[in-house]
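Below, chain A partners chain B and then partners chain C, in two separate complexes.
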Partner chain A sequence: MNWRRVLKLTLPPLISFIVMTLLAEMLIRGLEVSSFLLPPPSSILKALVHPTHRGPLLAAMGTTALAAGTGFVLSGVIGISVAIALSSSRWIERAFYPFAIFFQTVPLIAIAPLLVIWTRTSLQAVIASAFIVSIFPVIASSLSGLLSVDPNLRDLFRLYRGSRKDTLLKLRLPSATPQILTGLRVAAGLSVVGAIVGEFFAGGGLGIFLQTALKEQRTDLIFAAVLLAAVLGLILFGLVNFAGYFLLRRWHASVQ
Partner chain B sequence: MSHLRSMLTLCLLLTAAVTLTLTAGCSDTSEPARTADGKQAVTLALNWVPEPEFGGFYAALESGQYASQGLDVTIKPGGAGAPVIQQIATGKVPFGIVSADEIVIARSRGAKVVAIFTSYQTCPQGIMVHSDRNIESLEQLFKTPGTIAMEPGLPYGKFLTKKYPPASDVKIVPYTGGVAQFLNDKTYSQQGFIFSEPVTARRQGANPRFFLTAEAGYDPYTVVVATSEAFLEKHPQLVKSFVAATRKGWELYLADPSAANAVMGKLNTTMDAQSFKEAAESHTHLIENDHTRANGLGSMTLERWETLSLQLVELGVIDTAVPASECFRTLD
Partner chain C sequence: MSEPSPNPPSSPVEDADASPAGLGVQIHNVTRTFDGKVTAVDDLSLTIEPGSFVALLGPSGCGKSTLLRMIAGLDKPTSGTIQFTGDLSTREGQSPIAFVFQDAHLLPWRTVSRNIALPLELMKNPERGTVAYMTARVGLADAADRYPAQLSGGMRMRVSLARALVTHPRLLLLDEPFAALDEITRQKLDDLLLDLWRETGITVIFVTHSTSEAAYLAQRAVVFSSRPARIVADMPIDLPAERDRTVRGQAAFAQVTAQLYDALEKGEQHG
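Up next is the complex of A and B:
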């Protein structure tokens, strides 16, 4: 692990975060904004560490993390597989790709109640929500990557009579990795959003915590929960970047 | 160094932009606009779609009660999650419909909102249960295996689960609207308003029984008209006129709901005329009682607000009781 590199990556966002938090604190207090509307960062922090809320907040985050993480892994595995299938022939791509767009346009709020009815446990319903919302970017990016193989390299494999399996595993998938990772980055945040919306209907996690805070007009808790949701998305996002670093460091410009 | 300077400048710009956007447009207590015929234009924000619970307001509008008081009222329907109390607190709307417990909670969070009229003397909210289960009380419901759907975060839910701790085979799930799951599952019970969900369920062939939360002891004023203290201070006569016209509207609606129901039926096509009629018949005893016969529709008492405040403290929703006298005003 290159510690200089880690520092270079984490210090700038940390500095800007601290500076913006301090500025927000001064602005909100200075303008005397009602904390009913927009609480200053200090009261959000207080709500986060207060013994009454600390436990339930972290527990809620854990539940949402489990559902979002599972949904994310599922959309990654199934999304890439679907993209591979779609890329195998132009006809299959034309026949089925438009239906994948359904996953992007379906209004989750409308079908979430159906998901609750169709699944056996509330966790399953939340995982399904996270999955539905996050799978399309994976399919779209992976498909694009798999179809964008350098034609010269593809011809080279054909010259050497490479099997379809070899061409997929040794050329097309590695070549598509940067784009697959981009799709996974987008899916990371979306899976958290999907999980929380699913929780509005299925119960549990940060979704219900948010609804309760909303009804009890605890604006500071609302922001605290939103912050934790963002952290969750960031963690998943970071994991994708981490994987990307190891997969691409030897040859791709994006991680040099 | 120039990197750091540009970073800090961007930080300042971003923070300022976000903060100022979020806090812009607060507390507009300016004089309401005058219409061509000299009336004052005000908005009443509802917290749900047009239903018999708002009948009095539409009756006041249709029969010209607001107009005769010099008011041009626009009734703005709401829906799920409509943030009415926040809109009142920030001055976005002069009048809005909320529940009494929302007002107590808002005041304890520092928002200066007051109640000026209550439509329901008895809270019409409760739990709808299938009659076939032979459940005789809410206490029994929470001990009988099954599913109970309640909206998360509402104080009444906390009250009920505290008073009647659910047995281990009772599943509490979020209530998200409608009666679909109730119709499909005999062991499913759900939150509702007496004039809404049971009426819809009965129309679809079910045989529901309804338990009012008020019977268990939690009885906040409901469909309360609220305004901000700032608006009340600046326009006391306007608010008084609004209350007077609203009271007359509810009197008219209780006498004959058909005109207002017709108007609401056009705005809310999910309920047919028969449903509106049945709904309007189901709630009269919750709106009119001995207290209103003596003091007029919409009037409130100190004791009810005191009780509510103490209940909310007991439930842990607020830390300290809110003085009841600050929560409402009686405007005659």
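Up next is the complex of A and C:
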């Protein structure tokens, strides 16, 4: 990636972010909205860099990052593996895919307290929470990618008696890569959401920081924590895109 | 990157001549019905001589592709048999039958030379000398490290041809391979295919719906009716064996094309 490309990719969102922030600042100040209801961006920034909050906020972000990141990686590894297993036969897919949907429909709020009971440390509970919320999109996208391999290419591999392993590694996984990446992109954001909900119950991280700020009715701190959570999601999302760029730049229209 | 070979291959194709070149095909009363309802091929019998170049001509969707897939072993007849004549012994890592699809169907994440090497990899054949030879033979030596997205339609088809021939097949099946290409590219690929056929002496079965392409390429044309595929005409093409594009201007060529067209039209009414 050269600098021109980096600028081309980062400049537009940066400019729109600055413009929107300034607009919000002017609107909130102009309409004289109570800063308790909706603090202007400048006071959120002030809270963010304030010496008494800076440290705890960053520490909370680090804890959440660890849990969300671990949950995300587990979702990726296990989700892709499950998709490979489900795609290996129609029978297995029919028998087990409905159970994968459980992960999408499970009400996390209801199950999070259970996670706290089932796990030994709060970090484990939070990781489990991030994992449960983010695995389904990985399974669903990867499975659809693995099953939609060009039938003619399948025939080509059959003609030369390609082994199951070769067919998986040289045909099905590479051709499913764009869809797998799509699933991972969705999972990136969800894992942060899952981690924070998990922290509401298990403690630690931005989740607990948010609860405390809520109790103290510090709207500016709530927004500061939400901002950091969004940044976390963006970082994970960016990492997936970065990996995708290197995997797909030679052949896929999405990055050309 | 293509694997470096210690001594550049002189001509592995000549090497293949040492083994008996073409396979013959005997199709006996083959019927193919899908889900017990749609009959694609109905009680069809056909013998194809070893080393010949046969065009299967018929309207789109008549079942000639199904027949080709059955010959390749990618599909099974509902009834009837398909047998091969000639020496069926294959050397380790070689495939007796190769198939070229309607579109090039390359792996987009692989370079030209790694696409051409794919059949050898799948057949666990460690030899890679033929890859460089075939890449050069189809005129893509300079494009060996490019990706399919960077190639024109004609170049992709060349890769597809090279990939089919890299395992020294003795029966080459082509399913309307050049249908999507422009006239000039198509002419070039027709000529390349004819050259490769003459060099290797393998059997070629070429499915097309173009009468002029059938007349230009084949020694014999089998014309099918619309679905289910039945043979409405089976004729030798009496044109000089050494053909180049000047043939297209000859009266004999026009006559053959007209004959094929009449047969095709008869098949449409029949179906």
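As a convention for this text, the second predicted complex is superposed on the first by the 256 of 256 C-alpha atoms of A that agree within 3 Å, B and C clash if a C-alpha of one lies under 4 Å from a C-alpha of the other, contacts with A are read in each partner's own complex, and residues count from 1 in each chain.
Just so it is clear, a contact is a pair of C-beta atoms (placed from the backbone, for glycine too) under 8 Å apart; a residue touches a chain by one contact, two chains touch by 3 or more.
Keep in mind the model is a prediction, meaning the values are calculated, not measured.
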Room on chain A for both chain B and chain C (clash or fit)
fit
Kindly classify A:D166 by the partners it touches after superposition: chain B alone (first), chain C alone (second), both, or neither?
second
Can A:W251 be said to touch chain B (first), chain C (second), both, or neither?
second
For A:P174, select first, second, both or neither according to whether it touches chain B, chain C, the two together, or no partner.
second
Which partner reaches more residues of chain A (counting touched residues only), chain B or chain C
B
Once chain A of both complexes is superposed, is A:S122 in touch with chain B (first), chain C (second), both, or neither?
first
Who does A:F157 touch here: chain B (first), chain C (second), both, or neither?
second
Going by the contact rule set out at the top, does A:L214 touch chain B (first), chain C (second), both, or neither?
first
Looking at the superposed set of three chains, what is the minimum CA distance between chain B and chain C in Å?
29
Chain A residues touching chain C - in the complex, by the definition given at the top:
150, 152-153, 155-163, 166, 170-171, 174-175, 177, 250-253, 256
Contact footprint of chain B on chain A as seen in their complex:
12, 15-16, 19-20, 23-24, 27-28, 31, 33-38, 113, 116-117, 122, 200-203, 208, 211-219
Chain B residues within the chain A interface of the complex
7-8, 10-12, 14-16, 18-20, 22-23, 26, 81, 85-86, 89-90, 102, 105-106, 109-111, 151-155, 172-174, 176, 178, 180-181, 317
The residues of chain C that touch chain A in their complex are 69, 72-74, 95, 97-99, 101-103, 105, 107-109, 118-119, 121-123, 147-149, 167
